[in-house]
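Labels for the chains are A, B, C and D, by order of writing; each one numbers its residues from 1.
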């Protein structure tokens, strides 16, 4: 029984991470119509920056104080995103999709090596954060408080993004631009500004995902490529460009993964891709995607 | 006898009744103009007949065959072709290929995969002749996107015409071109179409053009037929004057 | 651990001629600048080009980096002595194994056909040696793999090697060594759970561990299997699944970043308190990759090859001086990959010198190969010998229990717990039928164990 | 085809035919890789360049061709390359026909992601069903067990590799020429023109009575067969097939070919594939930072040379012509 509880928590934690990544991916696609192949690398960057800064400051600061580095890492990644959008991505908005896909694919290759140049091959960890919060007993089994906290963060993030997109003035502009670029421009919206902010926000979310994951796992080379295809599966199921979709997709994928691991491991990966393919077949725009 | 007939054809977009119970008849061999203010429902009517849209209710007949639910290609085989108001060409293909494609499609040759298109002498000749008729003979090698607006308009018509339909719908063949080009385009189109013995329905705004070229004029207003008759009769029709020409009698 | 338990376990190990907490015998060996016999004949002084493909990028850089550094150390030492036979300096071309099997094959051909290398070394992935071995043979390129240890290489891919050799113990030794270690320290274990990276290495470990343990301990059963994808970092669902199965012992074939992520998560889920854990590669990556939070009492494998603290300094000075030189050069402790790459080059040097003593001048490849077949060398890891029949290197397999000792900011082996097994006791003897020759086991070793090991008498 | 173009082609073929004589084994085998990849690029570009569909799952066909060969060798003891080609073409055609039905109902990014997802299903199968596919160990396809021209040519003995490469190069070269000619015919056939029409203007094509998705499906099929053939010819060179060949970055490489050479251009992908092959080999050889190298090249390419190498070259030529014309007039 307690095992079930644990598995549910596991899959919720994983879902929270997936949601942050996929929502960023979806936001960028929804607003600028770009499928960002390099999105996974921003997740990896978040993990590395967080682990590295925690490692550096670890001795100086109290564990509790180290938590500040998680949001800071995410912000740093967001800023990197802003820089990349305004230099590399911007020229591609009016270009065909294949070019947008390829420039981000190139970016993926570059960032993978950049991370290695900066941090080398040895995995970075930040487990101090998890330890500082200790464990709770769930039916006699220990479970890290940190994970539960981060599930909470995921929920808050989801709510925050929702409120941001549907309740703020900027959100209105964002959706207007997503609906119709030309119309938005005609209405005097500074589309360029919207784009750069959307991209930055997307990267921030991916970075946050990496930052909250790294204390429970480790920052390793290749983690960005690893997560990308899964994030694709999530947004495909949920619907490209839809935040609700990213949420539901993340929950479905993480649950599916946990269940297959528990009961029928051989099909874990195949199941994910098949589900994605099937959804695309029945609803090409995903469960929540709007018609394009 | 009637070539095309619609019965009580309806298409509503929410509140707007684009086509609201139209009984439309086109007779063999006539050059018919469909006129009306913007939003009168002209283009919607053509879209319904050409299967670009499907009607809410009503029926469409070619001869005595019901084609209300027929697919696009079925209607084309039934002899209905159309051009588009906003020019709709294969921009990266040559002018010749644009027309040749219609001919290949007409003759069911588009599935030929192991034969050079340009080696099909019959098709090429027909295409070149056609372009000559439309006064595009000199441009056959150019890419469609490199043509002038007037030429593009003509090519758009030519592509539809090359299907050799029984009934050809031309959606504003002269929109967006200079008055001089208008005359030239309409001269060409009407002479070719009449010469080919093809029935044509032209959507047109410019009443001078309409009165000059048509055998029959149908006036639409708010999704219904307001008037239907030969040009002189329409010219005298006061409603038409009121709604269309905006001049009170 | 208390005296009589220790004795009991030593007794158990006798059947393998294996030892607990001690081994090794002094000898001169690699790296030590002992007097060389003067080279005979005239030696050209142009350099010898050597190719080395290993993981320089990606998650496996954790293994490849030390390998590259071990190679460079040996190269620098040999060149400092004037080069091979005192005349020929070693020039190495490195390439990244992470470029993929296809690219590695192309690169190996380039190294030989375009750069004209005289020796090829390196290669870590057990997916790549079966691809590169045959290529080396077809190129007639003398090759000393330092890992890529799958049995598949000499069992199937290159059944009759001429040019290809390998200096590390074969893969099947990993699972068997872990099994013997587990049976030694936890004789009561019966319920077995497993978590392995989902590729050939993981499956090899699982198969041989279960097979061997079944022979060693009566009535063992597998109660849970987990196969996470290689290079994934979230193991929590697997860990929970394992907890649910309530095993006595868990066998872990994860390595590098995967293992780091795994043990940190397992720690928080209290996994280490609920079962014994036997790993094949916990200390196999770079030793310092494992943090202070790693629990004691885990059977920490080193790919059945080498850990820098064993053989111990007093018993085996060769190792002591190697570790010192390596640490001085790279500010880190050597891994088994470092040892493998380092020894490969010295093995070549030794063969070249022997051949030169016999024939004079710079020896033909055939002569060097003849000297390599059956060759033995005192390596940091102990005595290493190359079997003539399959060109496979053999050295005592070793493992031990993790312990946090003063002097290191990462866990090492509890000296008293180290199990050292003569490799001949856990691998099929020369000319044992290979898979497909009268049996269809996945490896010769598996067939040999099934046919020759006595079944455990139920206690 | 103009006389000048014909002469150019003839020249290229002659030069290619001389390669083994002039350049020796290493360069020859490198170019053999290039030519096989070029066949894959040809197939891929029928979809991207001529039908306007970006597939991010063409590794599926490369892999199917390769694995068919390996499985036939392993389980049926086949050794004749002609039989491999037969089997491989059939299997990749079957796969393409199947995936085609699913994929061509969508376009643009959805098509790309759908092909990606489905190709990854294949990857997991090759990866997980190791008792059949050998998993990550893969399956061996040693050239020593290969025979060409129905057993007339085989490769025993000492200098087998050099001999193999020479013969195999000419074998591949012939097939490459056949494939190129065939593809040139296809893209200039009424069918090919129809594809381009669909690419340029789907709506109008429909109003010529063309049933769009049938043509897309057929294009998908042909494309898959070409890429499958490339996989068949590639595997004896590599000597081994592993799931890598099915993994999605492999598809990324194929897209790279087309963009490098220029996909709005018949010769573009061919040139792109050959050049990419050299690019990769030398990037891996000279630097451990090959990823960053390829990445930067790709970014620079799509940013500044969207028409690709061949496309840009042609534009320059056209501009020069124009200049000259102006001078003379």
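Operating definition for what follows: a residue touches a chain if its C-beta (ideal position, glycine included) is under 8 Å from a C-beta of that chain, and two chains touch if they have at least 3 such contacts.
It should be emphasised that the depicted structure is a prediction, and the values quoted were computed from it without experimental measurement.
K.L.:
Both chain B and chain C are touched by which chains?
P.N.:
Where chain B and chain C share a partner, that partner set is D.
K.L.:
Moving step by step between touching chains, how few steps can get you from chain A to chain D?
P.N.:
Tracing touching chains, the least step count from chain A to chain D comes to 1.
K.L.:
Select the chain whose centre, defined as the mean of its C-alpha atoms, is least distant from the mean of all protein C-alpha atoms.
P.N.:
Minimum centroid-to-centroid distance belongs to D.
K.L.:
Quick one: point me to the chain whose Cα centre is farthest from that of chain D.
P.N.:
The most remote chain is B.
K.L.:
Let me have the rounded angstrom distance from the C-alpha centre of chain B over to the C-alpha centre of chain D, please.
P.N.:
Here the centre of chain D sits 44 Å away from the centre of chain B.
K.L.:
Just how far, in Å, is the C-alpha centre of chain C from the one of chain A?
P.N.:
Once rounded, the distance between the two centres reads 38 Å.
K.L.:
Starting from the mean Cα coordinates of chain A and chain B, work out the distance between those two points in Å.
P.N.:
Their C-alpha centroids are separated by 52 Å.
K.L.:
Send over the residues of chain C in touch with two or more other chains.
P.N.:
In chain C, 57 touch at least two other chains.
K.L.:
Which positions in chain B touch two or more other chains at once?
P.N.:
In chain B, nothing touches at least two other chains.
K.L.:
For chain D, jot down the residues that touch at least 2 other chains.
P.N.:
Touching at least two other chains: 127-128, 291.
K.L.:
Okay, what are all the chain pairs that touch?
P.N.:
A-C, A-D, B-D, C-D
K.L.:
Using the touch definition from the top, list the residues of chain B that touch chain D in their complex.
P.N.:
50, 52, 72-73, 76-77, 81-82, 84, 88-93, 97, 100-102, 104-106, 109-118, 120, 159-160, 163
K.L.:
Looking at the complex, which residues from chain D come into contact with chain C?
P.N.:
Chain D residues touching chain C: 24-26, 29-30, 33, 127-128, 130, 135-138, 140, 142-144, 160-161, 237-240, 242, 244-245, 280-281, 284-285, 288, 290-291.
K.L.:
Mind listing the chain A positions that touch chain C in their complex?
P.N.:
Residues 3, 6-7, 10-11, 13-14, 112-113, 116, 120-123, 125, 127, 130-131, 135, 141-144, 147, 213, 216-218, 220-223, 226, 257-258, 261-262, 265, 268-269.
K.L.:
Touching residues of chain C toward chain D in the complex: what are they?
P.N.:
56-57, 93-96, 99-103, 105-107, 109-110, 113-114, 126-127, 130-131, 134-135, 138-139, 150, 152, 156-157, 198-200, 203
K.L.:
Which part of chain C faces chain A closely enough to touch in the complex?
P.N.:
57-59, 61-62, 64-65, 225-227, 229, 231-234, 236-238, 240-241, 243-244, 256-258, 260-261, 264-265, 268-270, 286, 288-289, 291, 293
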